[in-house]
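Multiple structures follow.
Here subunit A shows up in two complexes: once beside subunit B, once beside subunit C.
Moving on, here comes the complex of A and B:
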């Protein structure tokens, strides 16, 4: 059985090596390209959202490369994500592929996740199942930590691409750290690497909080590498949604990290009083948080027809009006062009710089 | 507040629960008014107040709020999260009160009780009526009782049965009679089907063409049966009903063709539409999806329906 799991940001880096060590024959899909998206768009329902289409393209390419089993997380929630697997399986079978499809139907329950891991790997004992699962989560958190460092150093770097190189190196180091002890050793090293990058210390870059639907936020292919682009425009990104936070809210593997969903829910009160699925509550709550913290503006990104984020985008445009806070909502789908994105980003960054210059925003 | 005027926008779940809501508030001694049926003016108001690409029914709903807000003391916009265990409403319904507040700068007080069976189980009705009682300064116990009584009178009492409280708001829909006419099963969400303006008078148009339009609200057993055919329980409350009614129509020999009316870019329908087309239509009955948005013209819709019925007539003749 050659198992494949669709990509989502750096997630595959977190689990591939660990699962391979435990006897799972992993076949990650090739990195998403325009062809991936084209395949997805061709076979998906017209109004399916962008993550669905990219995932479907991932699956087709992985099956073409010899995978014969797919793991797709599922669930029951107001968002369409829980139903992805069913529709994707149906489409792939129609195309004539033969494969085994497994879904974890309750990704919120720890026992379910451990069950999935024991099912796909040769691991027998429950303890080993838990230990593997939490190692994967810790690796995910480490990758997120490295990305956060990247956000800080990227706008300040003196030599172009320095920070990107260090990030790549860090990802490789985390990928190789296949035990808890190695992982803990590697983290200080990564921090040292970032600190060694020559930076412009006098620069106080414009800050932009990036919020929105989690897949589009963390998957550079889906958002045209928006974080790198912002970094190159000398903008410091403050990302509001992290995959490790999403996982931590459910499984509490980092006991000292606050439950972000609960926190956002508290912050959003008065604007969105009940979570409308997906990341809607995080988007609303953290927009308010970013404003309080003096972040210059918020960039809200979502896939076209994303239901929870449409609710959130309506509400944050009210917040923007009420509090005179710059918010830019951008919708991503297969029709969006890179030039369009860049132009809008540049205009937004110009606006923020002027506001700061005129002393409207803090700092 | 004694005897306030309560306004209910005629949109979305109004088409499912209007009778229940109206008689509930009347029993509490309030004056209830609903906005008029959708017209061009209301839709225009809705479009003017929407700030993002929300779907047509939500935009229309906001138009209804706009025409209603000046005349009432309280706006009743309930937040329906789940109607039974293992189901959810669409996120836009869950966020509806907040979206409404975000779209208007000045609104009367919004009454947004939470209906959430997945979380509160049999207590959902009490949780639902508590904020209403508070806003109207009534006894919470008596209010809950009166709501339960209304539910049980017609529908057996438990919170789960609330879903059944739907009253189809159109005299247009009939049970298939044993006639020689072509029968067209029409499926879709009540707030789109039975809003005559949004559905471009689909029912009467089908009738004018000499065919019989049929729509139904699936029973619990039919929903369960339909769910056994598809691989995973459809967890959207209304999506589930659309799927189940499609199943009933595809099975029924008296129905000659099925039209699925959905709004463009409807999230759940983009998936359930795929299921219906590929899984449920095993006997290959004529099936068509009509997707409607604010740019849909009467003529465009009518041409497609006409062609669809002509095709069926040719096949059956």
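Moving on, here comes the complex of A and C:
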């Protein structure tokens, strides 16, 4: 059995090596490219969202490369996503692929999650199941930490692409750290690598909080590499949703890390009093948080036809009006032209820069 | 005296302006791109040189969807997006402006300004319904020139109601209205109303249009659209004298800050520039890489997402 899991940001880096060590024959899909998207678009229903199409493309490419089992999160899910595994299985079977499909039916319950891990890895004891999952979580947290460092250093770098190289190197280092002790040793080294990047110390870049549907926020392929683009425009990104937080909020493995979902829910009170699916409550709550913390503006990104984020986008445009706070909402699908995205991003950054110097405008 | 060059390479037209340091427009050109932005730009530069002689250029700015291409051709000091450029020129002209309505060949924008700072904007994303190319296409279909469209619209007594959400539906609706026997004036006026309704529903949704409003971009040439806007919103829409070239003016204003220009000189008009493109094929992304050649020499390459072709320039 060769197992594949569709990509989601750096998640595959976090689990592939760990599961391989426990004897799971892992076959991660090749990195998403235009071909992946074309395959997904060709076989997916037209009004399915971008994550569905990219996932489906991932699966097809992995199956073509020899995988014969797919693991897909599912269950009652945060939105339509809950049914995606089922529909994707149907589509792939109709295409004539033969494979085993496991969907985690109740991914919000830790015991079910551990059960799935024990099932695919074949470990006997519950303890091993838990420790595998915890290691994956910690590796994901390390990857997120490296990404956050990237967000800080990217706008300040003096030589283009320096920070990107360091991030790639860090991801490789974390990938190789296959035990807790190695992981803890590798983190200070990564920090040193980032600190060694020559930066412009005098620069105080404009800050933009990036919020929205988690897949398009964390997957550079789905959002045209928006974080890198912002970095190149000398903007410091403050990402509002992290995959490690998402995992931790559900399973509370790291007791000293704040439950971000619960925190966002508290912050959003008054604007959105109950979760409307997806990351809607995080989007609303964190918009208010970023505004309070003095982040210059919020960029809200979502896939086309995403209902929960559409709800959130209406609410945050209200927040924007109430509190005079700049918010830009953007929708992504395979039809969107990059030129249009860049123009709007640039104009938004100009707007934020001008707001900073309001009153001492040169023009 | 130094002059500053502003270039706006849009989807349909290419605009070139020359301003002095106070922002007065000394010379301007507005011509169709006709799918050949480099040729259009070069002929505009040649015309400028013929009319104005060898003026000293203190700075060059480019904007519009072809801003990067124009930058590589002439050597620009400022490369800015259209939204900022339009806002700057409008603020320069009417310092207390609060709303800018801009409708160009293929995109339309709404920019809100408070205290001379852009506070909000919106731009059409996937649909070109209600932009200049749509109007032009329909004018051609009705057999009238785009310049006459406005006078036809103003002559209408009872504008026909045309669905404006989508160009395809608008066209079939127009044909339907024609077959029903509506006269040309009413249909043209209905078309203007549909465009305005589409604009207000999409771009201006939830945004406050407050006076003074400046209406610029190529479509502002059409008094029928202006009248529809004023009827629909009850606000006065000011069309500035240089309405089609405001983007170019804005970016020329920005170029005034240049200390030492990168302008290649007037020889750009005579250079034998050609573009070619190829698909990289080193990974499945198969990015379309575009290169500009001056005779056999590659001046610039772009379009690759990994940056390996762009880095190889010269």
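Structural remarks
Methods note: the second predicted complex is superposed on the first by the 356 of 363 C-alpha atoms of A that agree within 3 Å, B and C clash if a C-alpha of one lies under 4 Å from a C-alpha of the other, contacts with A are read in each partner's own complex, and residues count from 1 in each chain.
In the analysis below, a residue touches a chain if its C-beta (ideal position, glycine included) is under 8 Å from a C-beta of that chain, and two chains touch if they have at least 3 such contacts.
Here the structure is a predicted model, which means the values were calculated and not measured.
In the superposed model, A:159 lies in contact with neither subunit B nor subunit C.
In the superposition on chain A, no contact is made by A:21 with either subunit B or subunit C. The wider contact with subunit A, measured as residues touched, comes from B rather than the other of subunit B and subunit C.
After overlaying the two complexes on the shared chain, residue contacts for A:331 are found with subunit B and with subunit C alike.
In the superposed pair of complexes, A:65 makes contact with neither subunit B nor subunit C. In the overlay built on the shared chain, the residue A:317 is in contact with subunit B and with subunit C.
Once the two complexes are overlaid on chain A, the subunit A residues touched by subunit B in the first and by subunit C in the second are 317, 331.
On the side of subunit B, the complex with subunit A involves touching residues 50-54, 79, 81, 86, 88-92, 94-95, 97-99, 101-103, 112, 114, 230-236, 264-271, 273-275, 278-279.
Across the complex, subunit A is touched by residues 65, 80-84, 88, 91-92, 107, 115-121, 123, 125-126, 206, 253, 283-286, 305, 307 of subunit C. Residues 30, 33-36, 161, 225, 317, 320, 324, 326, 331, 335-336, 339-340, 342-344, 346-348, 350-351, 354-355, 358-359, 361, 363 of subunit A are the ones touching subunit C in the complex. The part of subunit A that touches subunit B in the complex is made up of residues 45-49, 74, 76-80, 82-83, 85-87, 89-91, 94, 105, 271-278, 280, 304-308, 310-315, 317-318, 329, 331.
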